[in-house]
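Down below is the structure, laid out as structure tokens.
For reference, chains read A, B, C, D and E in written order, and residue numbers begin at 1 within each chain.
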Amino acid sequence: MKSTRTVQKILANYEGTTPGVKANLNRILMTGKLGGTGKVIILPVDQGFEHGPARSFAPNPPAYDPHYHYQLAIDAGLNAYAAPLGMLEAGADTFAGQIPTILKVNSANSLIPKEAPKTQAITACVDDALRLGCAAIGFTVYPGSSAALDMFSDIAAMREEAEAKGLATVIWSYPRGEALDKDGETAADIASYAAQIAALLGAHVIKVKLSTDHLSLPEAKKVYESEKIDLSTQAARVADVMRSAFNGRRIVVFSGGSKKGTDSVYDDARAIRDGGGNGSIIGRNTFQRERGDALEMLGKLVEIYKGKA
Amino acid sequence: MKSTRTVQKILANYEGTTPGVKANLNRILMTGKLGGTGKVIILPVDQGFEHGPARSFAPNPPAYDPHYHYQLAIDAGLNAYAAPLGMLEAGADTFAGQIPTILKVNSANSLIPKEAPKTQAITACVDDALRLGCAAIGFTVYPGSSAALDMFSDIAAMREEAEAKGLATVIWSYPRGEALDKDGETAADIASYAAQIAALLGAHVIKVKLSTDHLSLPEAKKVYESEKIDLSTQAARVADVMRSAFNGRRIVVFSGGSKKGTDSVYDDARAIRDGGGNGSIIGRNTFQRERGDALEMLGKLVEIYKGKA
Amino acid sequence: MKSTRTVQKILANYEGTTPGVKANLNRILMTGKLGGTGKVIILPVDQGFEHGPARSFAPNPPAYDPHYHYQLAIDAGLNAYAAPLGMLEAGADTFAGQIPTILKVNSANSLIPKEAPKTQAITACVDDALRLGCAAIGFTVYPGSSAALDMFSDIAAMREEAEAKGLATVIWSYPRGEALDKDGETAADIASYAAQIAALLGAHVIKVKLSTDHLSLPEAKKVYESEKIDLSTQAARVADVMRSAFNGRRIVVFSGGSKKGTDSVYDDARAIRDGGGNGSIIGRNTFQRERGDALEMLGKLVEIYKGKA
Amino acid sequence: MKSTRTVQKILANYEGTTPGVKANLNRILMTGKLGGTGKVIILPVDQGFEHGPARSFAPNPPAYDPHYHYQLAIDAGLNAYAAPLGMLEAGADTFAGQIPTILKVNSANSLIPKEAPKTQAITACVDDALRLGCAAIGFTVYPGSSAALDMFSDIAAMREEAEAKGLATVIWSYPRGEALDKDGETAADIASYAAQIAALLGAHVIKVKLSTDHLSLPEAKKVYESEKIDLSTQAARVADVMRSAFNGRRIVVFSGGSKKGTDSVYDDARAIRDGGGNGSIIGRNTFQRERGDALEMLGKLVEIYKGKA
Amino acid sequence: MKSTRTVQKILANYEGTTPGVKANLNRILMTGKLGGTGKVIILPVDQGFEHGPARSFAPNPPAYDPHYHYQLAIDAGLNAYAAPLGMLEAGADTFAGQIPTILKVNSANSLIPKEAPKTQAITACVDDALRLGCAAIGFTVYPGSSAALDMFSDIAAMREEAEAKGLATVIWSYPRGEALDKDGETAADIASYAAQIAALLGAHVIKVKLSTDHLSLPEAKKVYESEKIDLSTQAARVADVMRSAFNGRRIVVFSGGSKKGTDSVYDDARAIRDGGGNGSIIGRNTFQRERGDALEMLGKLVEIYKGKA
């Protein structure tokens, strides 16, 4: 698989890692309609675990079938498809080699008692990802939870194993837990902090949420204000996240949250692009739409990331 | 062991797994009176652990002897026999090769203090299953318990080892614990969610309970109602479970609960069949009946699954 | 070492295990004055850990010396001697090969704060048992404790290792803990349940306490009464335990508790014999008596198990 | 790499360790402007994890880039650069071999709920340090925390692995937690105790904070007073720490805390030098200054440690 | 290294262990001025960890240097020197082979919050002891603590590894924790119980504290009184401990506690000798005295153990 100069420049930021990891990052970056541009769109389908099957798939029933998502990601020309073990296994032979896959190795669900510490179960291992031909493992951490340190240690161990075995590591860094109120979970300073933590943990690809202009930590607020850091637009906040991801040396993709209007989705993508982000990881907004609509929307996103829309 | 076209079609859904797992699934699907039809009836005898020996076996004293259950499953022409380590060991030589066996690798009991988190002990390992010539391991998870994430991680590790060693994995997905009230444990949305979790965890065969038309999670209820999903009959609810098991790509068997009248057992089986389920896993309703009655009832169930009753 | 037909019949019940385990069970069953009869008397000396040295040995000071117990078991013609690591090590060379030994691999003590969950520490490992030439490992579980599931998982792992290395597993199944009141610990239904749990965990030899005619679990009580199961005599209760030990397919020995009069000890043994039990595991009632008295009492017990007294 | 007599004398104190550890200590001691003097200045950049990116880097934005710190440490002629995994990886190829690096293998952050025990997550392993060509691993312990014993056990295991693999171990010994009030964290007796604990844990390089003349533990206070130990100056307190570090047989570096005026930084260094300490580990006071200022300040520190300022 | 008949007789009590363990016990028993007599004096220096450096070493400042203790033990002709990892490492080359060393592998400290369960951190491993040429590992257990069972399991695993690798195991058995009041910690019945636990855990050398004539456990008190066991003198209490250490089959050394007058130290030693104990393990009473005084005192202790004073 060849590599454009843009992609090679991105890969050059991944120092100190194994050639296997670089080869798999190259696979992701060179695949699909955005292949070679340094921009990426990833389809993640772990909502069946997190929200249950009806909430996830009933709005668009063909999505109950794991093959649907593989096919959607391939037909839309995306860079990669991420899902938990069962979902990937269910199409691993049929679609082998047609799109880079990311094995989500930990998962939460909606049936956990509310009082329990916010955490996830490890539901697959690095050797599963090798067996299934994946390009990367994906792992969620919850900075702000009383269980966060355990999650950091778990991903540190899996990242090390994945790295040695040539797989890239994608970290979903989602602020959540006892140390944060609702506004804090989406605050601008927290989003940048979450990106920094993922980068320090050795993530090759970082997934964070788009943020609001709220500032949550008093000590951080003081600095943002004294240093006059602009957070007034979504693009400015994306830029602050990118600075926090080793000054742009790490690939960062942004998630859009629950299903919403296409204009809103397009605005998000333009902000990500303008702020220097690498792209979108977009789940419910694709597979909960009828397939034709989803493909049209994803086509438009590709255009946006190419700077043509 | 040969394989019918129907069974081959089912096996084709098991992508990304080892040939050993497929061979063992084939063993289960091609054995007994339903062999080759894609339908299965499994005899599980783990009630001695869960309810104690008197409640389990005193109503039909020959059932105290582990040989009794092997013989019953063989004589009734069932597809497989599932039990904890001690039960399987006690007949492993006598009945070697006569019926596929499933080693139940975790177990609970009635002597646990009520306040303890709902969970089970791991009471056997994958190498035990290999030594005993089993076709699969069986593992219970309790979605809804504060211990559920630990159970998910445990089965993930055992599933991976079993897969590498060529054994199939059966997951008993039983909603239970602090996050659920009594109605929730048997609610239709929860049963489908339980099936989805098992499928995502990589189960090759999923065991869930038949459900009521109650809906437990408010967010799920909203979707079921807005999407007008029919849950009015048992067959419709079985169909919803099958959709949640990767749109029918996974074998799902349903359990019937405590002993009841034969008509009720037959009605359950017809609903499972009509909803597209793969069959029954039926314990107390067999071994707590006198052997002649049990064989007659199981014979009738075979006819039902063959569409002849 | 040869084997009588009676013993061979017992060994035939141990299906699915390794030849090493069978050879060690044969060693135990063919040793001593009861060798070949299928009956067994075992000397257990773990009270130094559980009750401290003074309570255990001061009444008969020679018993402070570990050699004393080896010699007593040998001179009395018992089948085996069970003790924690230190006790066995202290005579392992002197008495090597003279009597089968059972390494007690977990232990509790009287200095544990009352509020702590009832459990034991693992104080030796399978490789210790191999090094010391033991025939079996011994492990206590406390059904009824909040720590019971952890104990089950621990013995499951050690049983598997022992089995692979050719050592038998003896489980002390002692109901205790938050789920049981004082009467419950010695109730008839609980004793049978305890035997069943040990059998399901893969115990080759099961040790339970003699019980009273009290019934503890309401659901079990209902069945015992509706099925009219006789529990009126100690022999009847022993018979119920044997049924619960795979209908007699597992060796079960009964313990007698604290020191008492010899007539009472003899009555217990007759009840065990008449109920179909395999024998006695008798500690304080032997080593807290003066050696001559102990030998006389043990001689009488042998006669009882031979049906001559 | 050659070694001065001064350095050889220091290395001679490292008895009982592997040649690999000594070689790596030599690398650190012979590098930079203080190379060969036995004095060291280390640049640590783990504040992104502990305080977040804005608080750490916004005051001097080029510091968002991991390359900035490598270059600063090299240009200033420091002995070593210490950082968490992601930071080191991001420049590991570009700066390979240009400066000894210390992989910080555990990390905390500001998003931990206040009530949680004070501890850190293990975020990298010894093999990561080998892969990245590091000279040492760095580990923080919190004497005074309810989690301190677990931290001690964790570093003991990593130290042993590092030692066997030829890497040195640096311990950040920071008193913190439930057993200490705010004054206690920086008390003179506690600082010396912290140094002693690190030394006993096998640290090759110890990092502690400069202390006040407060005495926290009543029993220690009694001894300091009765033995008339001088703690009135910072240099005297440094000397007490050095005594507690095996009478000077271990390298001890002192940290200066949050950003402050250069005069204050210089006074600290003179006290460290005069008390017999080995040097400074100085983070925020360098990288939060503009690069030119930082280089000037570090140049002055070198002069101080050389006894020329 | 040769062995006297007295020592050979002691070694003969160590049945069932490896030749490596016996060889190391022989090293300890044949070293120093008491070499060959079966009596031992051991210098333990772990107070830096437990009480901090000032309380431990300020009264005699040369003791801050690890070399001091090696030299003191050698010059006084003691049998062995015991210390945590850092202390031993700091002189391991200089004093290699000059005196048997015992690596203390777990440690507590005074900075633990009062409410935490009484336990210690594992701070070194068996392979550290091998690397440092030690004769034994040392491990503290706290019978009476809610963490005692975990400590027992930890030492059981380390003892097994040490035994296989030819190192002896010394257990410090110190009653402490929630199950004991202040008087209970030094009660005579508890001291004997502590010795018994250590012996059962497989200790080759047992360290307990001298006790008072208080009896703590009501059930034990009853037996001591009914059996009329003499506990009126320190020698009688030592004799009771020796009985509880397998009737004298295990080496037991007694510790003297905090610094006190020499007459009191001598009286303790005479009581240990007269009660049949093997010797003293004496830390603060040696290294907190000026070197000359300490040597004189240790010389006198040697005389006492030789029966000459």
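By our rule, a contact is a pair of C-beta atoms (placed from the backbone, for glycine too) under 8 Å apart; a residue touches a chain by one contact, two chains touch by 3 or more.
Per UniProt, the chains are A, B, C, D, E = fructose-bisphosphate aldolase.
Note that this is a predicted model, so its numbers are computed, not measured.
Taking subunit C out in thought, with all other chains where they are, everything left is connected by touch in one piece.
Where touching is counted per the definition, the chains common to subunit B and subunit D are A.
In the Cα superposition of subunit A onto subunit C, the rotation angle, rounded to steps of 5, is 145 degrees. If you average the CA atoms of subunit B and of subunit C, the two centres end up 35 Å from each other. Inter-chain centre distance (subunit A to subunit E, centres taken as mean C-alpha positions): 57 Å.
Not a single residue in subunit A touches at least two other chains. Taken as a contact graph, the chains are arranged in a single closed ring, with each chain touching exactly two others. Order of chains around the touching ring, counted from subunit B in the direction of subunit C, is B, C, E, D, A.
On the side of subunit E, the complex with subunit D involves touching residues 48-49, 51-55, 57-59, 61, 64-66, 84-94, 107-116, 119-125, 127-128, 131-132. Note for the complex: subunit D touches subunit E at residues 13-17, 143-146, 148-153, 156-157, 160, 163-164, 175, 177-180, 189-190, 192-193, 195-197, 199-203, 217, 219-220, 223-224, 227, 229, 240, 243-244, 246-247, 249-250.
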